[in-house]
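Please find one structure pasted underneath; my questions will follow.
In this document, chain identifiers A, B, C, D, E and F correspond to the written order of the chains, with residue numbering beginning at 1 in each.
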Amino acid sequence: LVARPAGVCSMMKLPVQASAEGLDVAFVGVPLDTGTSNRPGARFGPRQIRAESAMLRRFHGSTGAAPFDSLRVADIGDVNVNLYNLPGSCRLIRRSYQRIVASGCVPLTLGGDHTITYPILQALAEKHGPVGLVHVDAHTDTGAGALGEKIYHGSTFRRCAQEGLLDCARVVQIGIRGSSYEPDPHKYSREQGFRVVLAEECWMKSLEPLMREVRVQLGDKPMYISFDIDGLDPAYAPGTGTPEIAGLTPAQALEIIRGCKGLNIVGCDLVEVAPMYDVSGESEDASEQGKCWHRQLWVKA
Amino acid sequence: LVARPAGVCSMMKLPVQASAEGLDVAFVGVPLDTGTSNRPGARFGPRQIRAESAMLRRFHGSTGAAPFDSLRVADIGDVNVNLYNLPGSCRLIRRSYQRIVASGCVPLTLGGDHTITYPILQALAEKHGPVGLVHVDAHTDTGAGALGEKIYHGSTFRRCAQEGLLDCARVVQIGIRGSSYEPDPHKYSREQGFRVVLAEECWMKSLEPLMREVRVQLGDKPMYISFDIDGLDPAYAPGTGTPEIAGLTPAQALEIIRGCKGLNIVGCDLVEVAPMYDVSGESEDASEQGKCWHRQLWVKA
Amino acid sequence: LVARPAGVCSMMKLPVQASAEGLDVAFVGVPLDTGTSNRPGARFGPRQIRAESAMLRRFHGSTGAAPFDSLRVADIGDVNVNLYNLPGSCRLIRRSYQRIVASGCVPLTLGGDHTITYPILQALAEKHGPVGLVHVDAHTDTGAGALGEKIYHGSTFRRCAQEGLLDCARVVQIGIRGSSYEPDPHKYSREQGFRVVLAEECWMKSLEPLMREVRVQLGDKPMYISFDIDGLDPAYAPGTGTPEIAGLTPAQALEIIRGCKGLNIVGCDLVEVAPMYDVSGESEDASEQGKCWHRQLWVKA
Amino acid sequence: LVARPAGVCSMMKLPVQASAEGLDVAFVGVPLDTGTSNRPGARFGPRQIRAESAMLRRFHGSTGAAPFDSLRVADIGDVNVNLYNLPGSCRLIRRSYQRIVASGCVPLTLGGDHTITYPILQALAEKHGPVGLVHVDAHTDTGAGALGEKIYHGSTFRRCAQEGLLDCARVVQIGIRGSSYEPDPHKYSREQGFRVVLAEECWMKSLEPLMREVRVQLGDKPMYISFDIDGLDPAYAPGTGTPEIAGLTPAQALEIIRGCKGLNIVGCDLVEVAPMYDVSGESEDASEQGKCWHRQLWVKA
Amino acid sequence: LVARPAGVCSMMKLPVQASAEGLDVAFVGVPLDTGTSNRPGARFGPRQIRAESAMLRRFHGSTGAAPFDSLRVADIGDVNVNLYNLPGSCRLIRRSYQRIVASGCVPLTLGGDHTITYPILQALAEKHGPVGLVHVDAHTDTGAGALGEKIYHGSTFRRCAQEGLLDCARVVQIGIRGSSYEPDPHKYSREQGFRVVLAEECWMKSLEPLMREVRVQLGDKPMYISFDIDGLDPAYAPGTGTPEIAGLTPAQALEIIRGCKGLNIVGCDLVEVAPMYDVSGESEDASEQGKCWHRQLWVKA
Amino acid sequence: LVARPAGVCSMMKLPVQASAEGLDVAFVGVPLDTGTSNRPGARFGPRQIRAESAMLRRFHGSTGAAPFDSLRVADIGDVNVNLYNLPGSCRLIRRSYQRIVASGCVPLTLGGDHTITYPILQALAEKHGPVGLVHVDAHTDTGAGALGEKIYHGSTFRRCAQEGLLDCARVVQIGIRGSSYEPDPHKYSREQGFRVVLAEECWMKSLEPLMREVRVQLGDKPMYISFDIDGLDPAYAPGTGTPEIAGLTPAQALEIIRGCKGLNIVGCDLVEVAPMYDVSGESEDASEQGKCWHRQLWVKA
């Protein structure tokens, strides 16, 4: 056992290796934030999440999870990105994830803004077909585009739906709230058949009943978890670019993650972690992240 | 549509105009904080609220509010204040609000410490007579005075009551908590007939039942909403001068604001926003503020 | 009455005196943090808590508490510590508390990391015998040791149990959560007979029912309250060294403290306050602390 | 005279107008930072510079400058940008500046990352032909490209030279320092005939002698001033994305700006102001900026 | 010897006493900032300076100063102020200093905004007659008034001159710079016969030659030192309300303070320390302060 | 070439390897801060220096240095430390460095507080005999001990001298300043024959002449460079525990480092980097560090 502050920072102090070969599960970073509409900074999400994950230990007292006992896991570093060309970055990410997926490994992604989920799902759907989705976010991210461009962090799930990457009847969006550029902002989601769970429906409630329904909705076919940190209330996760008040609590986030136990998870991500806005000391983002992954690993076991 | 970071910062990117003439509703700032007993800084509240309001969009997904469709709204800038003379500032504010009120426009105020509500209510009561009040705050602000002075941010509502500006049977104070200089700190409020709702009564509860009662209490006569940001728990709104723990949540704040729908609102304010203490990035105060005003505009429609 | 920013900062603006002689209750600081496993800084806890306690006033509106009316209270400054020798510091602390206890005074401690509770309980148990314990924390602090050492902030209550300082059937640990180095992290606590209340059991619930049970469990024999600030969710108390997500709320903390009313309190502490991580302005830690002590004083009255 | 904190924030409290028509000089913002290689955030430069410029007063005690007495000046707001397409943004900027230049007005630009100087100089050179340049920066910004793209903040002046926008014999780069991706990092500048003044040549020296030479070099033909805030030592201007140690002092910066007096200035910019990294309170960037523009205005008079 | 973080924070860990009786020299705080024109916060200057002065030790290696060997020194706490009435506060300060001066003790003041020097000099001049002045500042503070009031932090030395508190031929103002509301901002100072030393005259120079002249100018009659922290460049002292770029360095500040050795000092102050803007950790203000007082004490010995 | 934000953070993006075997030069971290007398935090120095070193590129424009062309360099991670036992940590460090030295590799250390230089020099002197020393610091670190202990960050060089690890005639201490616990604080250094260069001797001067003398003094026998970041003025390096005003500038630091070219360097360190106090964004420490090492590598080539 070494002192916590010691060592080069890999995710959860796992070994670092160059490729996903031979792994059951791989942590991979995508340091991109040029799809951000308001405050940038999520390019430093992977670095910060790794640094803070030094707090995480092998076992979980509340759930009994001990993921490293049954899974081969490593940190395979970051996908390279093209900071000056957003569609170009999407192509680079897609190609990298094709290689990861080809090796039979489940990618756990450290973002990066929400744009990156689009090329990741392209790579996953090539192998698994359209996937189910548990999407935690303040925003539906189903815009038609912005400033004349089709691709940015607010249009990800419209892009995915249009390309047939999602099994639309098995999509749920949780934590949605806030103002919008459109008079009926959830219309697109409804038309696709997504379930939209407003933040207002979650206030002061346990989400265990919701997750029982979600497990039924998702069934046992391949599914993906996309967790935008702004789904949480900004008091718990100030380090993000487009915060919206009156969001989920960390307890609810854990209920969602733990509620995914037993589902057929083919990948997941935590996105929109922009550490420069969490000056109070980096406590929230990475711990949350760590807890989430911890559980995910267990789910796979 | 322009990129969010673009443009000179007016409230919600509304047009700026010099007077309230021709408007239904006007945003107006009062950059004063010399009535503050502990940490100063609310003089920069209006500037910061405007800067952060760039996040707000025209429509609200949860409530369907679309205030700009039916109301003429603008930002009319700041009232000038005398930073070195607190009673003098109150006279300047009263005079400015007399002009706003005379134009038939409803003022939505960006504070400033809570002292400013006193001259604002002077101007409003001249036109409307004694008004009802929904007052969200950690403190009753009914002190007799402090350090030998009658006017400061902790005596506002005693001043108002003494001058007959309030319709005392239609006053409710929500979120009250903390220690006090007096052995029975709510005595004055009780004696005037104010309803005092302690924070303890709100913990872990929806405030919709309370607001149903409040709507009955307030009826359809003119009323004012005064929202001291320290009514919220400081985890959600650290940027304020006299924080008290165990306060309201943003969800509860939205329940209060939305619960005022249909009331006869003649003005409202958000006060005690001191942005320098919200170093983590300005997420809370202004979003909260924006949501509140967004709804207010809708209420008027 | 003086302006709040005025004066040399003693706890709650109480008089400073060199010893505990003649006091019912004494505030005492222990500026030590070399038992910290992750982020240091709690050595500045006493200084910061004193600075922020300037916000506290004599009376409490919600509880009616007026502790200074019936108790002789003062701030007796800080215990000197040996920053370069952790066991040596423990000996210095034990000796200082022996003197405080000998004077018949109840010590209210401003920490400092959680290591300090070990020598404090040594001194208290010499006088009172094994004591009951209400322990609020994210961690059980019952590790066997770390990095080859027996004494650090994560092994405090194993040390205490092994030396017979605790009346194990009257120990309750509240708020426990997070990952662990051991597969069954609560085993030691269970074996001693401690009651362990997980954070998961507290989520979105009032703790008044729990505290009714705790009062029965503790009875009327001597007991101690040890409050690790990381028992709270880090959104409310970011200034600490080993934060864990999804913790208690300030409202729950007040329910715990107020729920101890009538118990036979022989001392209490607030530990792990590391102000450098609470950059947003010092609102939480000390207010929380102040509320707690305020109530404690009342309890004694 | 109004209190400093009062009012909607335009640059130096100047009037805001929609176009440059009728002006001698116009402040204009370009809120773009997607050309940034390291830390993003300069998209908020214009907003922050405006907020801080409230400190600036009409006259300058040391230089006697009183620019508003002889020039028509206003703030014409921000150029819209396409945050998701860097070459597209460059086209938008070029077009906006063509309109400004067509009106006969001199643009003073608030950046934005250094990429923006490329389309600005395109617009200026269309009118004035190749221009001279005083370029203050830690970096020459003459890279061939990066990550496969030609346009980003590190290749601006190679792009400009290749398109014939610069009168290369009248270009000086001041403050250059730091490590590089190329073994001979100043080779390109030398080959074009630029004068490169290393930071090492400036250490602990007045730059008045240098500026005498620069005035001779630049002559009386049209010239542009491009001031990258990272030319300053990061102690004075921490709010920037690619800081390099051992840079210029503010006194030297003022010597450079004042040393441009009498030159034929057709435009200038301040770029790479990323306020989120200047948490200590925003003192430096904007004051520096303000001083610079103040003088610039005077220079024009 | 105790650990540095230990103890209730008095200035330099000196004893605290209620009055100046029996002292040669007394530290006294004036926690007022309602005379501030831009960013408030100096009301917390005394508290912060005391906290940081824990770093100071008994002897000075470079100067050999050992002030406590020959002087009786203590911290006498803070003057009470009226936060809501600026002229009223001035009356309270004057009265408090009359008592201090009457005891024969030299006051070393911890500010507070620069307004406070006016009532302090009223009290000193009552005893000593008009005094000489070494005034370090970015601003001359000789305005006629502001916002309709005569008294604020920018008019202090005009008030003093008009009341005959200054021996005008023995006044020097060092570090003056920046923009101004008046076309000839140093005119008033010149007319009174003050020496004005611009920051530009100090750039990159030792101030020892200046201080030799100052010692001649001041002679051996009573004099006062008033040190506005904004005389320093804001890189060294960001914690202040009206920063101006290109100021003095700490080395120059020490040259000024050490250059006052042998003068007939009847009091001195450090003002405009607003710690909330020095988030990087409080290094500069108090150390500077400490060094200054350290030397001052020595000067008196 | 990859984007700068990408990748697991090793020092300067060098390969990570488990031991020093086969290397000419190795970066190694020592995450210890329990020898700190004032503000802790240097345990996170190695992590932060690695994170910020992502800014460094292969070549240096001003010096022509290209160290990686001729040297085998890697990052060998961190020495494990015992956070709860300072002498125990020293033993662990000594043993680790014995292994590094045995491999024939030159260690470049990332600290950690200054205590760590003591066991490092024990290991180096075992191989090389007493070494020369260029020691940059605000403090001589020659105390006899503190709080009853011999080993802490203020006694390092007395420990080294007493154990014969230093060739005392070849020791120079640069940047010394500030107050002290002893009346003649440089006496011990003088008695050993160290050259002490006060900060006062460096103010506003190039240090090239000094370094010419230092090169003569040091000759061609083995020497070590120990760089305490507090040797710099805290404006340039706020992230440290015991800041002292009026220190060295980064330009002077580079003159010192570059002035060591050609000396027989057997190791060097950068210590006392406590990143939590450098909230403004981490620009200074690591860049400085990077520049230093960059040069060091070159020196070895």
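Note that in this section a contact is a pair of C-beta atoms (placed from the backbone, for glycine too) under 8 Å apart; a residue touches a chain by one contact, two chains touch by 3 or more.
Being a predicted model, the structure only gives us computed values, none of them experimental.
*Asks:* Taking each chain's centre as the mean of its C-alpha atoms, give the chain farthest from subunit B.
*Replies:* F
*Asks:* Taking each chain's centre as the mean of its Cα atoms, which chain lies farthest from subunit E?
*Replies:* Greatest centre separation from subunit E goes to chain A.
*Asks:* I'd like the Å distance between the centres of subunit E and subunit F, where a centre is the mean of that chain's Cα atoms.
*Replies:* Each chain's C-alpha centroid was found; their separation is 37 Å.
*Asks:* Just curious, how far off is subunit F from subunit A if you go by their C-alpha centres, in Å?
*Replies:* Roughly 41 Å separates the two chain centres.
*Asks:* By the touch rule stated above, which residues of subunit D touch at least two different other chains?
*Replies:* 3, 5, 37, 39, 43-44, 81-83, 146-147, 204, 233, 235, 276-277, 279-281
*Asks:* If I apply the definition of touch given earlier, which pairs of chains qualify?
*Replies:* A-B, A-C, A-D, A-F, B-C, B-D, B-E, C-E, C-F, D-E, D-F, E-F
*Asks:* In the complex formed with subunit E, which residues of subunit D make contact?
*Replies:* For this pair, the touching residues of subunit D are 1, 3-5, 54-62, 66, 204-206, 233, 235-236, 249-251, 253-254, 279-281, 283-284, 287-288, 290-291, 294.
*Asks:* Under the stated contact criterion, what part of subunit C meets subunit E in this complex?
*Replies:* So the residues of subunit C touching subunit E come out as 2-3, 5-10, 16, 29, 31, 43-44, 46-47, 50-51, 75, 77-83, 276, 279, 281.
*Asks:* Contact residues on subunit C for subunit A in the complex?
*Replies:* My answer: residues 37-39, 146-147, 176-186, 198-200, 203-204, 233-235, 238-239, 242-246, 276-280.
*Asks:* What residues of subunit E sit close enough to touch subunit B in their complex?
*Replies:* 33-37, 39-41, 43-44, 81-86, 88, 146-149, 151-152, 276-277, 279
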